[in-house]
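Below: one structure in structure tokens.
Should a chain be cited, it is by its letter among A, B and C, assigned in written order, with residues numbered from 1 in that chain.
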Amino acid sequence: MENKSYSLNELAAHTGAAVVGDGETRVWGISSLEDAVKGQLSFVAHGRHLAAARKSKASCLLVSSHISKDLQGPQLVCDQVYLAVARLSRFFKEPPRLAPGIHPSALVDESAQLQEGVRLGALAQVGPHSRIGKNSRIYGGTYVGEHVHVGEDCLIYPNVTLMDHCFIGDRVIIHSGAVIGADGFGFAQDDAGRHIRIEQFGTVHIDDDAEIGANTTVDRAAFGRTWVQRGAKIDNLVMVAHNVTVGEDSILVGQVGISGSTTIGRHVVMAGQVGVAGHLTIGDRVRIGARSGVAHSIKPGLDVLGLPAQPQKEWFETMKHIRRLPRLRDEFKELKARIEELEKSLDREQR
Amino acid sequence: MENKSYSLNELAAHTGAAVVGDGETRVWGISSLEDAVKGQLSFVAHGRHLAAARKSKASCLLVSSHISKDLQGPQLVCDQVYLAVARLSRFFKEPPRLAPGIHPSALVDESAQLQEGVRLGALAQVGPHSRIGKNSRIYGGTYVGEHVHVGEDCLIYPNVTLMDHCFIGDRVIIHSGAVIGADGFGFAQDDAGRHIRIEQFGTVHIDDDAEIGANTTVDRAAFGRTWVQRGAKIDNLVMVAHNVTVGEDSILVGQVGISGSTTIGRHVVMAGQVGVAGHLTIGDRVRIGARSGVAHSIKPGLDVLGLPAQPQKEWFETMKHIRRLPRLRDEFKELKARIEELEKSLDREQR
Amino acid sequence: MENKSYSLNELAAHTGAAVVGDGETRVWGISSLEDAVKGQLSFVAHGRHLAAARKSKASCLLVSSHISKDLQGPQLVCDQVYLAVARLSRFFKEPPRLAPGIHPSALVDESAQLQEGVRLGALAQVGPHSRIGKNSRIYGGTYVGEHVHVGEDCLIYPNVTLMDHCFIGDRVIIHSGAVIGADGFGFAQDDAGRHIRIEQFGTVHIDDDAEIGANTTVDRAAFGRTWVQRGAKIDNLVMVAHNVTVGEDSILVGQVGISGSTTIGRHVVMAGQVGVAGHLTIGDRVRIGARSGVAHSIKPGLDVLGLPAQPQKEWFETMKHIRRLPRLRDEFKELKARIEELEKSLDREQR
């Protein structure tokens, strides 16, 4: 997997990093301190990794400025190491290989529009009136229904399902097994207690630069749209129900579940396995701790935790009180004994 | 997407609604108050939506009888608005388009039986001795193993997997990515602590009118069957383990997990992310709140909540006590001070 | 489904069981006590199943030694009934049928290597430079990317996705819908709060005798590898994040989620819906109760439970105290009344 190589001077220009040592040093890859080989770049963000950094075979280290002086050899020095790693990582990684053009086994409806540079893998399907934007790649076995819009430079991995009338923006990444646009889960009960389907007429919109994880499901709206906004990142096995909005740059970590018609603001972070009830509003910049269950709307900027979720500080306070219960019980017994003692004393006196 | 249109008189006949205004008004679609355009029907169930209803461009409103007089224009008046919406929604929605007959790229074993009106999408597979009932549709990329029975009027969406010997009733809907009939998770440990597979000989039965969500898994039984009964509705990313029974008209919301050999009664509702241990019996009409963990069998008709799940009223009581802990602690300290005071007083007196 | 038949003497030799009755009795299948028919073997591990055992039509019973004398007819007597069931079950079950060789609709890159006895189902894909080991079966609709290694005697079920550069050992079973090697979920935030992807350069290794459940996802590492070790068994809808290690013979039950870079030891058992935070170490033989949330590393051999997870004994203690809160409150009020009484008495006396 040897890639194109870059000089440190070139890479510095893309990250705002300062070059220490020979700026013409060339690197062709990036790896961890332990795994890096000659010709690769590695990175050190914390002083606790200095020992590993000194032993690393990497040809250059991306280093936090406060530890730069503790290391030798060529460096790219910057303040935000992980951000620089992210920015440089794309230089060294191509998306999974896919031959240019349309694989002969792919099935494209004659009314579908494929723009310049589109690549379709083996056994991929594109339905009637769908449109795939410039340079987007749809890998093998993926199903695209009818009237689907896929923007430019998208990566739709193998075995994805994009149901009818969904809209996908530019530079969106959808991982394998994801299902976009299955029917929302809506029923009304008749007098016998049978569930009568409310047909789902809406769509799913996934805006530019969003990412959808493997085996995640984003259901279509009953009416209107389920909406994943620009730059939102959704991990694996997440459930986004009908008519939900996930705001710009928000993050839903693995196995999160969002119930119908809930609106999530911008820059929200939900850690793994969080559940959110329906018809709520989660404010901008809210952060929700792992495994929390959210039953009420949350004001912008709050950090919440627990089941039911409460402000993080209150949750820790509650936990402290719960952990103290055995001690409280003991102290309570002691107090009771002292009261009995007092009662006896008083009784003796009064006799 | 203009559909066939219906007069209000026709629609009233299917819902028991009363027509207010011109019964010959025709509508061709249904939408929310905000999105509805001329020619569409919309609906108002609560007084709080009256303002939106007055602004709506819908040509007719499906209205709860107690607010009918507050609105003008053609109406369908009824008592259960959502039920009426459900019943009428199917008039305005066709299942996703699928060309009649068998797509030339579909793979059907010569021993498989396809009844009249069956439609098979591109790259769908039907294995040996399987049988697809009248007018059922199997969309592109779906895999049907051998000796599978699919009933009449089913919708099996793209990229579903139906493993060997499963039985699917009539009018069943299975959403994309669902896996029906993977092996149950059963192992015995040997003396070295290695897990030896117990092969899974049973099947999965999904009865008439059931619905299975996207990326949900229903495992085959070790022996006998895993059984989803008539009218049960299962949402996305739900796990139904081997030998589970899900009773008639029960609902499992997104990301619920049911462990092996548990029996769920009729008209049970489990909210999102509930987990139920194995070998339990959940009675008819039990309702389990979101994110609850059920470790014991539950008697019919109970509403439970929490981790571990307990009767809802007790859970709220427990929560109240937990929230009061800081106050209890303060009151406790105050009492302690008063006791000390008493002890001192008594001590002084006795001196 | 009549299979090859075996004499009890033959079966006894594979389990260390003792034969009671005619060792030449032949059985061709195994089932539950209720479902077994003549010619099948069944099993009784507990005295509470004796009544069912007496009514069973099975031709032979696999019986725990302490209840053997309470039953009649041919028996295989042993100490660990479920282990014997597991060992014998494979005699009576073939993997799902798949015709020998490569289905004409399968797509195999010319640089891929298929060893002797490999079977590929309809519409299966094997990408460039991938290698499938002896007698492995890849069922219909499964996608194998490039440079993937699949060992010998594997079962890769329909609609699985194996992304580029993953390594699968021998005798591994991967159920439908599983996604192995999707990108790990790694981002760095820029100053505007946008999430910049950290490209994922690592791979996934799944070692011999591991099993991966339906719709489970195992993400590729950022650098290095995500590692499922020998004999680990993973159920459905589990999320294994990037750079996680799942130790030998460990079990992850349905809907478990493991965050990035956590290392799980050997013989660990995590019950359903457990969540584990990132960068932790879970010691060998740890057992984690259902729905627990693990926020800290756990020492070997501990049984933990709860949210946050704590040693099981402490958790039950905590729960006991929480359940007693209403009583504590009542006792507290009573004490308060007695103190008031004391104060009044003392007051009277001193007056």
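The rule is short, and it goes like this: contacts are C-beta pairs under 8 Å (C-beta built on N, C-alpha and C of every residue); 3 or more make two chains touch, one makes a residue touch a chain.
All values reported here derive from a predicted model rather than from experimental measurement.
With contact taken as defined at the outset, subunit A and subunit B are each touched by C. Under half of the residue numbers at the subunit B-subunit C interface are used by both copies of the sequence.
A straight line joining the Cα centres of subunit B and subunit C is 26 Å long. Residue positions 123, 141, 159, 177, 215, 237, 255, 273, 307, 322, 325, 328, 332, 335, 339, 342, 346, 349 of subunit A each touch two or more of the other chains. By the touch rule above, subunit C contacts subunit A in their complex via residues 107, 123, 125, 127-128, 141, 143, 145-146, 159, 161, 163-164, 177, 179, 182-183, 185-190, 193-201, 215, 217, 219, 222-224, 237, 239, 241, 255, 257, 259, 273, 275, 277, 293, 295, 307-308, 317-318, 321-322, 324-325, 328, 331-332, 335, 338-339, 342, 345-346, 349. The part of subunit C that touches subunit B in the complex is made up of residues 29-32, 34-35, 80, 82-83, 85-87, 89-90, 92-93, 96-97, 105, 122-123, 139-141, 157-159, 173, 175-177, 209, 211, 213-215, 231, 233, 235-237, 249, 251, 253-255, 266-267, 272-273, 290-291, 307, 319, 322-323, 325-326, 328-329, 332, 335-336, 339, 342-343, 346, 349-350.
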